[in-house]
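Have a look at these structures, which come just after this line.
In the two complexes below, subunit A is the common chain; its partner is subunit B in one and subunit C in the other.
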Partner chain A sequence: CGSKTSEQKNIQFSIPTDVASLDTTILTDQYSYDVAGNVEEGLTRVDSKGNAALALAKSIDVSKDGLTYTVTLKDNLKWSNGDKLTAKDFVYSWKRAVDPKTGSEYAYLMGAVSGANDIISGKSSLDTLGIKAESDTEFTVTLAQPTPYFKFLLSEPVYYPLDQKVVDKYGKQYGTSSDKTVYNGPFMFKSDKAWTGTNKNFSIYANPNYYDKSAVKSKQIDFQVISNANTGAQLYKQGKLDFTLLSTTDLINANKKTEGYTVFKQARTDYIEYNQSGKNASSPDAQKALANQDIRQALNLATNRAEVVKTALPGSTAATSFTPVGMSKTSTGEDFATYAKQDYSYDPTKAKELWAKGLKELGLTKLSLSLEAAGDLAPSEATANFLQTAYQQNLPGLTVNLKLVPFKQRLNDAQNGNFDMVLSGWGGDYAEPSTFLQLFTTGQSYNDGKFSSKTYDDAFKAATTTPDVLEPAKVDEHYKAAEAALYEGSYINPIDFQANPALMNPKITGLEFHSTGLAYDLKSAYIK
Partner chain B sequence: MVKYILKRLGLLLLTLFLIVTLTFFMMQVMPGTPFSNPKLTPDQLEILKHAYGLDKPLWQQYFIYVGHMFTGNFGTSFIYTNQPVITMIAQRLPVSMQLGTQALILGTVLGALMGKASARRKNGLLDGIFGFLSVLGISVPSFVIGTLILLYLGFNLNLFPISGWGTFSQTIMPTIALSFAPMAVVTRFVRSEMIESLSSDYILLARAKGLSEKEVVNKHALRNSLIPMLTLIGPMAAGLLTGSVLIEKIFSIPGIGAQFVDSIPAKDFPVIMATTIVYAVILMVFILVTDILTAIVDPRVRL
Partner chain C sequence: MENLNKDFTLVGSKGSDSTEKIAKPALSFFQDAWRRFKKNKIALVAMWIIAITLVFSVISAFVVPQSKANYFNPNKSQVYGNLPPKLSGDLPFWNGDFKAPGSAEKTDVYKAQGVPEKDKYVFGTDKYGRSLAKRTVVGLRISLIIALAAALIDLVIGVTYGIISGWMGGKVDMVMQRIIEIIQSVPNLVVVTMLALLLGQGISSIIIAIGLFAWTGMARQVRNMVLSYKERDFVLASKTLGQSTWKIAVKHLLPNVSGVIVVQIMFDIPSMIMYEAVLSAINLGVKPPTSSLGTLINDGIASLQFYPFQLIIPAIVLSVLSLTFIFFGDGLRDAFDPRASED
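Showing the complex of A and B:
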């Protein structure tokens, strides 16, 4: 480690888990994305202001009805192997992504493109996908419905182009190691310090074929996979690492004063879902109780979010809406979550009143509720522990039974509605509120609590369909109304907006963090 | 002997078949699917299951798997998308084996020397110290020792690189951490064997013949104590060579142990199956080889 060139020191970057794949159609985990997103690129790339700026595209023209996108590629685009990068590479890649045989977990992000959903579910052929190459540098895209955030989607890996020649050559092996992949991004892999599919030390190098190579400031960036966060922090202090994530409460608290301590706000919200389906709760009483708005409101008011964050989730911030802060902007440039903020406050007195009122309505004097959380995720367990005590203290007659299960079990139970209260988490895919607010429309499969609010449904529908979908100011209003409906009905209980505390060498300049999509954009990053 | 070996090989195959079958069906009891994205709707999950053949009836999946297994096809990983499991194991197993071998050699050699010294000065100061060390080695898990070594030799004294794999110096701390347990076991074993043999008649005879103390101890007592150690080292070696999960995690080593553990909560079926098979085969082969070696070294053992 610590290799140096004569004039410039390489950034020593660490990630906590192995890279799983470089195949941009099928990679699923954040850290594979963080590597792939720096060696590959799409039509757009999110810039420092959070806008979807043009990347491989020279221009993207949108028709008045918002349904047709005409894309012109930059001139003379090339892959790292010298192949020309053309419109066909997009047509090929997008079809590969929606092909059910490919088995891409992120294929659903292509749902905005006309025909995609039917192809994904095997109902129609690949030819019906709404993309057509007009020439080597131009293609048109037809959408299923107007999608104001489509330019953000275009920056996602499933939308990246692929060099068919190379994919055909390696078949299923494409992207399983760095020598079985071809690159079009700011960086690329070489045979020296390559990624073999399993190794934990590898490097990326500035790509000489990249169209914007003058903006790439590092010649080489070294990656290390360090699964033990304590080791990462120690290597940072020894000067052997320039970037490492802090993943445990203890480590975060111990490093708040360390030079370079930085908190990256994620587009992730932790929230409690209440089982309002009328079935599968732990008891008939629990079932009745969670259908009662006073009871739910009492639970929401008894949640001391600031204290949860302090005790269990250092770095995170108390939630004030479901859509997290720092993810997307309104048409006037304001942060959406700030604009749509609700009064999720801590008020134990009012909570007690409503609790007593609710119990009386139900003819109960005491109540047992279970709270399920993922025991294999440390912050989740800590949050659940805190809430159990806080609820029992604040709400007389309440017993909270903690149910700590593996993450996959929690997911299963939530989806099948087998819970009273479950601590869930959601991360955004793109920088627009619908990536969060789509969850709770009636009958949506992520609406684990199975509640139904007409106000919410109407607001969401108005925001995402014509005519209002084409007017950004109205979209903002409708989304805000949806947030208000969630709050008024106490349908869910947003706890916190997650953050990634990290240690980052203060000499690193130009590293862009994004709360959705590519988290760490190293394109212009270098050590001063 | 040949008949015995053939019989044992037959039993080995039968055991392997049972392990494959049990593991296969036990995996199905775990919740969830191998698809890690919580955003997939039930419909989308069904489409993915179909793409990977996971929607077929269980018995069909089982026969398909066993069929492929016989042709040497262990499938591809779900987490490390499309990576052939065989390649993954081929890349990771040698790493674990190197670490295990180093720890085994270090542990056995140190253990034998410490055991010998203890036996020669039974109840002496050195015996006390070594006795204490071996109790520590047996009772303190390797990850605690690993963390302590990491803290003192790595963090505080900065003697060795604290993570990664590739250079010999990176293997030193994990080797020491892993060698504690075999060292402790061997020390105790050699000590008690030697104390026993030092008081036996043939030692008395050797001494009576006028052999030097060094010769008596090294040529007669120690050598005789090492034979039964074979039975001890066999299974221990199998355990060490198949990778230490926690040590691999602590020192960021790309071995097979860490991968095996990660594959379980992720429900990465092909990886779980193939790794289980590799583990089982290694363990059974080592036990078999140990038995055969014991018979060769000690003619009193009849197979």
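Showing the complex of A and C:
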């Protein structure tokens, strides 16, 4: 409950899973990010309009060829322990992130910096990284390729600075509990109600050393880990919680009229991947079938996305491309997903035709395919259950074996290519289509279906390399061509653009939601 | 002496023949048991319920095949999804009126969702629009199949193991009993999980999983009985007459322990039905979309707050089924072993 001594009520915030780490180089999951992003900060911070506004940086100058960034830091920046925050902290942190010994899963985001990819793969030494401290407050960054969205990348945790003294002191223990971490963001942890690494209740407090502390309106924000969404909704109704996510269809439908019902549109797409690697499918027939474009197209056409969304994921919208709506804008200011929209439609008649044609080509009369999904996530379980019956009814001769496994095993199986069809999800890291479209270039590690499309690769390459990379209109065109290639080849089956329905106290002001990166920015949030 | 005899005369003794005569008709063991069983009204009702359920399940296999229970119209899941139970629109209750989640008043959900007038679901539907009545019928059938198959394993392995262990005695008995203790001490959920990984989900792997463990109790019971019976005189007599061990076991021991066996099975069945429900609840049970009572209950838990009927109906069926088996078993125990009961 809120402390009764202070006049202002603390925001009671909830997250559904435990915080895994506060080490900004290591953390990978959304909810660790939601906490860490409020106690740490990078050179930029995404503002309410969705622009990458300057944060720790006083200025960022970009050279004409888009390859050199000169960063000047704000004056008198300090860590929460009183240490000075200097350009060296960035050099140290970035080198730590790309060091293969650190094992940061998000190191690939640093690929934009010159030399990073070679260092990550162990081919060259740390010194070749394109970052150089000119003075305590100034450093230059050299990029491998012109990257128009680099300022967005700078707001990502893996680009945050680190206080070398503290990291060296705790070594592997850094970030495993709040007293083994140092802060530079709007908030910080204290020894009171600290995060021990496992506890379910902890608080963050306004950071007195923060450069923009006048903008921080809350003195204290309390976090609770509530894994059962029903409990969260109950506590919200009793006034003991100001924010809780609604995760099941029933809960969402039941709370649509509750005061404070809000839908946060995430930049997240759920999609089915087809195993086209030529191995590890459930049977040789399944292998052959999934390599057949007619079969894949039939499966795509037999997917009634609108009904799936209504049954399994209320609040979300049916997918019309792989890159979701509400994430990034084209050079003309249009939403990219609207601009790059493809004809992912539901057409059972055409699906049947193509299915029959595909089976004939393969010389089969019936086929069994497995559909794998995470059984511990309610929406994904419901989607899989729905699609199983829908596919079997729409496509004669098809048997769908449902494989509901724990989320972690789903990730594992997808990574190892151990599936026929798998229901996956991808969330954008920064507000630019490449955060999605880079996934399916040939050989990329998240291309679980292991397909290869030259049209797609060419379009993606053209969009991300010189000369076209510097011309926003052409970049949009190429990205659209990549989306078209995905659709034409039926390589994947986008199902929905996910949204997060939640209950949020209407009295909360200043909370900013971002569809990519830090989802809940609490910097200037407070209860009126 | 003479005077004494004058005062007391022996009554009813008319000769040695009459003292040998048995007035009541001779009852076999099972006839006697049935006589005692009939006195227990609850057990009698339970027996009838079990009999009806079994017949119903067998017939239902032809009327409601699995495919019908798994059917829903993917294009109309919003129309048919989450419908409350409705028997007839004219009844004051059970008429499809329901307080939908989020609304304050009861409304006719069937009308609100645009369900055609002729469609009624006696037990309502789940979130996809599958009929809960059909799913419960199939679930009941599957739970019974699992229970009966597991009981058969129980009978074959448990009884054989128990008789051998008890009859042989000595070192063999010692080793066999230690093996049972080892099996009992292994947490069976762990083994079941590994088995599910090995064989995949499905009815057969559940039956095997249950069969692996369930027989130990039976083996213990039978062994204890055999240990005491083999010292009895009638066994000694058959041995002396040169009867083979096999015949002694089948002809003399088995009938004597049959009461215990039947009772033990009746108590094992409900626990097997429950165990199937537990396995289904942790995703180790039957393969979706097949419904068993366990999966229905598990799905119902998620929507308990909003659509309680989705949980209550399969839960009632499961409870009634288990309870009838327990009452039936109780009645049988009293009937077979009058000394154990009060009367």
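What we mean here is this: the second predicted complex is superposed on the first by the 516 of 528 C-alpha atoms of A that agree within 3 Å, B and C clash if a C-alpha of one lies under 4 Å from a C-alpha of the other, contacts with A are read in each partner's own complex, and residues count from 1 in each chain.
Keep this in mind: contacts are C-beta pairs under 8 Å (C-beta built on N, C-alpha and C of every residue); 3 or more make two chains touch, one makes a residue touch a chain.
What you see is a predicted model; the values in this text were computed from it and never measured.
Visitor: On the A-aligned overlay, A:Gly375 touches which partner chain: subunit B = first, subunit C = second, or both, or neither?
Guide: A:Gly375: touches subunit C, not subunit B.
Visitor: According to the contact criterion defined above, which of subunit B and subunit C contacts more residues of subunit A?
Guide: Here the partner covering more residues of subunit A is B.
Visitor: With both complexes superposed on chain A, which partner does A:Ile120 reach: first (subunit B), second (subunit C), both or neither?
Guide: first
Visitor: Once the structures are superposed on A, label A:Gln173 by its partner contacts, choosing first (subunit B), second (subunit C), both or neither.
Guide: first
Visitor: Now for A:Gly103: first (subunit B), second (subunit C), both, or neither, which partner does it touch?
Guide: A:Gly103: touches subunit B, not subunit C.
Visitor: Which partner does A:Glu432 contact after superposing on A: first (subunit B), second (subunit C), both, neither?
Guide: A:Glu432 sits against neither subunit B nor subunit C.
Visitor: Given the touch rule stated above, what does A:Asp521 touch, subunit B (first), subunit C (second), both, or neither?
Guide: Neither partner.
Visitor: Examine A:Val225 and indicate which partner it touches, taking first as subunit B and second as subunit C; both and neither are also allowed.
Guide: first
Visitor: In their shared complex, at which residues does subunit B touch subunit A?
Guide: 30-32, 35-44, 47-48, 50-52, 76, 79-84, 87-88, 91-92, 150, 154-155, 158, 161-166, 249-252, 254, 258-259, 265, 267
Visitor: Quick check on the complex: what are the subunit A residues that touch subunit C?
Guide: Contacts found on subunit A: 230, 248-251, 253-258, 304, 307, 310-311, 375, 378, 382, 385-386, 388-390, 393-394, 401-402, 404.
Visitor: Show which residues of subunit C lie in contact with subunit A when the two form their complex.
Guide: Residue positions touching the partner: 70-72, 74-75, 77-78, 81, 100-103, 127-128, 283, 287-289, 302-303, 305-307.
Visitor: What part of subunit A is in contact with subunit B in the complex they form?
Guide: Per the touch definition, subunit A meets subunit B at residues 1, 18, 20-21, 23, 26-29, 100-103, 105-108, 120-122, 172-176, 196-201, 224-228, 231, 234-235, 238, 376, 406-409, 411-412, 415, 429, 445-446.
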